[in-house]
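In what comes next, chain A is part of two complexes: it sits with chain B in the first one and with chain C in the second one.
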Partner chain A sequence: MGFLPNGTFVMASIAYASALGLLSMGLSLTFVTTRIANFAHATIGMIGAFVLTLLVDRVYYTGPSYQIFITAPVLSFLLAGAFAVFMYIVIMKPLADRGNGVTELMIATFAVDIILINILSYLLNAIRGVHIPKLIGLNVSSWDARIHCCGVILQASYIVLPIAAILLTLAFHFFLTKTKFGVAMRATIENPDLAEVMGVNTNMVYTVSWFISGGLAGVAGSLLAFSLKDTSPNDSALIIVSVFAGSIVGGLSHVYWGLIGGFIVGLMEKLGTGLLDNFYNQLLAPALGWTSFSMINYEKLMSLGLVVVILLFAPEGLAGVDWGKYLRKIKRRW
Partner chain B sequence: MNIEFWIFSDTWLILVLSYFIVTLSLNLEAGYTGIPNFGKALFVFMGAWAAQGIGIRLAALFMQHYDPKDSSLLVERLNSMLGQNYHSLVEAAGSTEANRIVAPHIYDFLFAHPALDITLFIVILLVTLGLAAAMGLIASYAALRLREEYLAILLLSFSELVVMVIFNQTDSLNGGPKGLWAVEFYPDNRLFALILGAVISLLVFIYAERLGNSPMGRTMRAVRDDEVAAGVFGRDVAMTRLKVIMISSMIAALAGLVYIEAKPSAQTLTFNRVIWTFFPWAFLILGGMANNKGAIVGVLVFMVLKRFVEFYVPQMAAGHSAAIQMLAAYLSNIIVGLLILLVLYFRPQGVLPEKPSKTMDLDVVLEETK
Partner chain C sequence: MVKNFGALKALDRVNMEIPRGKITLLIGPNGSGKTTLMNIISGVYKPDAGKIILDGEDVTNLDTHERFRKGLVRNFQIPRLFQGLITLENVAFARYGNPGEGVISGTMKRRWFKFEYETLKRAAETITFTKIRHLWDKKPSELSGGQMKLLEVARSLMPDEPKIVLMDEPTSGVNPVLAHEIFQRIRDVNRKRRVTFLVVEHRLDIAVGYVDYAYAMAFGKVIAHGEPEAVLNDPRVIESYLGG
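Then we have the complex of A and B:
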C-alpha cells in the first residue's frame, strides 16, 4: 500500500478541511438570515491572516510560541466579526433597504471584496515597511510550533484547527439551542415575519449573525495562514471558490450542512487529490506505461467538479437529500 | 502608430473599445436577462487564447506547410541555439522558450502572404466564437434551472479555476503564467486592433439594440422580471438563459481578441476577475442596466476618471512619505469599489435608466395584418 499518504499530509488535509468548514458555515449563516451571497467572505477571513501576520511580525518575532494560538484566533474573531458587522450595517443593509435586488447585492459584496483586498494589502505592506506596491506576504509557517508525535512531525496548527472547529461548532450549537437569543435566531431563520410579530428584534439577530459569520471566518483565516505558502490577501480569490463549493454541497441554506460541506470539499481537495495523484503516478502510470504528471497543483478543480455534480443531481445539496429513505433501504436489506 | 492626446493614448483607446464590447455583452446578460455573470474574464480569455495558444500554432502550421524550407531552417537554428530538440515549427511556436524567438518570423511570413493572413484571421475569428460558445454552455449548464445565486457562483468558480489554475499552471495550453505571444495579422498591430475594435463595437452595439427591441429581447426581459410568468406564457426560461449566455460569451471573446491584438505579449493573469469581470460590472451599473447607450456612457465616464486617478494621484503623492506613495498604487481599485457602492445607493438605475422597449405602432401593425 505504497500509495497511501503519510500522517502529516492527512493531518494537513483535515486542518484545511476544518478551516473550510468554518468558512462555509459562516457563509451559509449570513445567506440563511439575510439572503446575501457574500463574495467578500474569504477576504473577511483574510483579516485573520492579516492579524496573525502582524502578531508574528511585531510580537512573536523571536520564534514559535503556543501563546499565539490563543491571541491570534481571539483577536481575529473580534476584528473580522467587527468588520462583518460594519459591512452589514453600513453597506449591505442600506442597499437592501433601498430595494436593490439579489444581483445588485452580490455585486456590492464583490465591491467590498475588492476594497478590502486593496486596503489589507496596503496596510500589510505599509506596516511591515515593504515600500513596493507588490503583494509580498510573510511566510509565517516557520513561526508555527512543530510537534513530534507518533513518528511524524506536525505543525501545531494542524491540531489546533480541528479542535478550534469542533469547539466553535459546539459553542455555536449551545448558543442556538440553550440561550434565549439563539432560539430567537432560529425562529428568525425559520420565519422572519412571525418572529417579528412575536417580539424578536430581527435586525439585531441579523447583525449578530453577521458578527458570528465574520468571526468564524477570522478564526479560520488566522489559523489557516500557517499553512499558506505566502500570506497575501489575494489568496482569498481562490479560497472563496472552495468556500462557495462547500456551502453549495451543504445546500446553501443550512448552517450545519455548510460545515459538513466545507469539510467534505476540503478533504476532497487535499486528501482526494493526494490519493488520486499517488494512485495514478505510483500504480497506474508505471503499470500501463503512461507519462506521469503531478495533479497537486490542480486540487481546486476537485471542488469545481463536486459543485457541478451536486448542482446537476442534488441542487438542494446534501441537506436536501432524503437520508432517511436510504437508511430505511439499507435496514431493509439487512 | 502612436496616438497621444493629453494623457490618453492609443492603448487606452483600445482598452476602452474592448470594454465597450464586454460591457455591451454583459448588458445582454445582466441588464436584459438578469443573468449575474461573474465569470466574464473566462470568456474574454477565450478570445485571447484563440489568438495566443491556438493562433500562433495555427500560423506556424501554415508556415510549415507553405514554406517548408524556411521553417525547417528556422527549427534547425533554434535547436542549435537553445540546445532543444524541436521536431517541427508548431512545437517550437507552442513552447515557452522558443515562442518569443519564433513569433517575429511567423509574423513576417504572414505579412508576406496576405491571402494566408486573411484566411488565418477568419479561422481564428471562428475559433474564438466557437470556443466561447462552448465554454458558455459548459460553465453555465449545471445552474441554468436554479436560482441566480447558483449561476453567479458557478460562473465565478469556472472563471477563476479555468484561468488561474488550468491555464496558469499548464505550460502546454497557453505557455503557463507568461503566456504565448499572440499571432499578429498586420505590421502595425495597434492600428489593426483599433480598427477591429471600432468595427466590432459598432456592430455589437447595433446588434444589441436590435436584439433588445426584438421578440427575443422582450422574452429576455420577461425572464428577468418574472421567470414563472415567462414560463406560464410558454417561454423556455433555461433555454433563453443558455442562448443569451452563449451569444454574449461569443461577443465578450471578441473583446479578448481585440485586446490581445493590441498587446500580443499579455500574461495569462491579465485576464483576472478584477479587470475583466468587476470593471465591466462597474461600467454597467454606473451607466444603467438594460440600456446600451448607458453601457457606453458608463465605460467612457469610468475610464476617463480612472485615467485621471492613475495619472494624477501618483504625481500628487510624489512629494509625500513612502506610505502615501504606496497608497496611490492601491487607490484606483479602492475608488472603483467605492464608486460602485455609491452608485448602487444613490442611483441604482444608473445614469441612463432603462427605457420601455420599442414596439411597432399599433396602426402600422393593423395595416400590415389586414
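Then we have the complex of A and C:
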C-alpha cells in the first residue's frame, strides 16, 4: 500500500481540518444568531496569522518556542473577537436595523472582507520588522517547534490545533449548557422574539456570539499560519470557500454540525486529495501508461464536490439527516 | 399614540389609560390597530409619536427586554414557547434576575443555586395555580392549543412583580369550555395577585363576563371606552363591526 500518505501528512491534514472546523463552527454561530452569512470570516481569522507574525518578529524571533502556542491563540482570540464585535456593531447591525435583507448584509460582509484584507496587507507591509526585515510573505513555519513522535518529525502546531479545537468546543459547550448566558443564547437561537419578550437582551447575545465567532476564527488563523506557505491575508479568499463548504455540509443552522462539517471538508481537501494523488500517480498512471499530474492544486474541487453531493442527498446538510434511523437499521442488521 | 406604516394610519392619536389592578378588554374589527398597539406597548414597534407610561415611568425608549424587566409581560395570539423545554422549564425561564445570568457568574453555582431552586419551586406553584401541573414534564409539541395558552398564562406570572400582562386573543382556537377556563384563571390571577391585564379578544360573549373595563377601536382610533356592557352596546362599536 505504497500510495498511503505518511504520518506527517496525516497529522497536517487533521490540523488543517481542525482549523476549518473551528472556522465553520464560528461561521454557523453568527449565521444562526444574526442570519448573516459572513464572507469576511476567514479574513477575521487572518488577524490571528497577523498576530502570530508580529509575535514572531517582536518576541520569539530567536527560534521555536512552546510559549507561542499560548500567547498567539489568546491574543488572537481577543483581537479577532474584538474586530468581529466592531464589525457587527458598527456595520452589520445598523444595516440590519435599516431593514436590509440577507443578500444586502452578505454583500456588505464582502466589502468588509476586502477592506480588512487591504488593511492587514498594508499593516504587514508598513510595520517595520524589528528582527525580521520583511513581515509580509514571511514563512513562519520555521518558528513552529518540532516534535519527534512515533518515528516521524511533526510540527507542534499539527498537535496543538486538534487539541485547541477539542478544548474550545468543550468550553463553548460548557458555556452554552452550564451558564445562564448560554441558556439565553440558546433561547435566542431558538426563538429570538420570544426570548426578547421574556427579558433576554438579544442584542447582547448577538454581540457575544460575534465575539466568540471572531475569537474562534482568530485562534484557528493563528495556529494555521504555521502551515501556510507565507503570511498573506489574501489566503483567506481561498480558505473562506472551504469554511462555507464546511458549514453547508454540516448544516448552516447548526453550530456543532458546522464543526463536524468543517472537519470533514478539511480532511477531504488534504487527506482525500493526497490519497487520490498518490493512488493515481503511484499506482494507476504507471500501470496504465497514463501521464502523471499533480492533483494537489485541485483540492478545492473535493470540498465543493462534497457540498454538491451532500446537498443532493441531504438538503439540510448532515444535521438534517435522521441518524437515529440509520443507527436503528444497523442495530437491527447486527 | 401615533403609528403610520407608509400611508396607512395604524394608530391615529390613540390615548388609553389602563386601570390598575383591573382586567381591561380591547376589542375592534380586524385592522382596527389592536395588535399594532400591543406591539407598541411591548416595544416590538417604536411609535411615531406619543408616550407609554408604566406606573408613572416613561418606558417609550426602552427595548422589549427592558420593559419586561420593568414588569410589562406580553403573550402572543399563537403561543410562542421554547420547543426544547418542558412545561416547568418554559415557565421558570420567565423569571428575571438570576444572579447567574452573567457570562462569568454563570459558572459559579454557589451564586445562583438558591435563586434557581426558588424559581423552580415558584414555577411548580404557578402551574398548579393554572391547573397544568400534571403536564409539568411535557414538551410544547405534546400540549393542546388550550394547554399552551394556560402555559402562557402561567409564564406571565413568573416575573417577581408583573405590573401588567398583555394578552393577545388568549382563547383563539380553543373550545368554549377551555376558553372559560382560561378567563377564569386570568381572573383568579387578577383578583388574588392584583395583576393588571390588557386583553385583546374577539370572543366577546365569553370575555365580557370576566373583564372590568373595555376599550373599542376602529380604523386606528379609540371609538368607545367604559363599562364592558356599555361599550359592546355602543352604536359606534356595533356599526364598526357590521360595517367593517
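The working rule: the second predicted complex is superposed on the first by the 325 of 334 C-alpha atoms of A that agree within 3 Å, B and C clash if a C-alpha of one lies under 4 Å from a C-alpha of the other, contacts with A are read in each partner's own complex, and residues count from 1 in each chain.
In this section, a contact is a pair of C-beta atoms (placed from the backbone, for glycine too) under 8 Å apart; a residue touches a chain by one contact, two chains touch by 3 or more.
As the structure is a computational prediction, the values presented were derived from the model and not from experiment.
*Asks:* In the overlaid three-chain picture, which partner chain does A:Asp322 touch, first (chain B) or second (chain C), both, or neither?
*Replies:* neither
*Asks:* Which chain, chain B or chain C, ends up touching more residues of chain A in the combined arrangement?
*Replies:* Counted on chain A, the partner with more touching residues turns out to be B.
*Asks:* Which holds for A:Ile119: it touches chain B only (first), chain C only (second), both, or neither?
*Replies:* first
*Asks:* For A:Asn297, using the defined touch cut-off, is the partner it touches chain B, chain C, both, or neither? Pick first, second, both or neither.
*Replies:* first
*Asks:* Do any residues of chain A touch both chain B and chain C, and if so, which are they?
*Replies:* none
*Asks:* Considering the complex alone, what residue numbers of chain B touch chain A?
*Replies:* 30, 34, 36, 38, 142-143, 145-146, 148-150, 152-154, 156-158, 160-161, 164-166, 169, 272-274, 278, 281-282, 285, 322-323, 325-327, 329-330, 333-334, 336-338, 340-341, 344-345, 348
*Asks:* Where on chain C does chain A make contact in their complex?
*Replies:* Listed in rising order, the residues of chain C that touch chain A are 42, 44, 63-65, 68-69, 73-74, 76, 80-84, 93-94, 96, 98, 100-103, 106-107, 112, 155, 159.
*Asks:* In their shared complex, at which residues does chain A touch chain B?
*Replies:* 31, 37, 39, 91, 94-95, 98-100, 102-104, 106-108, 110-112, 114-115, 117-119, 121-122, 125-126, 131-133, 237-238, 240-241, 244-245, 248, 252, 297-298, 300-301, 303-304, 307-308, 311-312, 315
*Asks:* Provide the residue numbers of chain A that touch chain C in the complex, in ascending order.
*Replies:* 174-175, 178-184, 186-187, 190-191, 193-194, 196-203, 208
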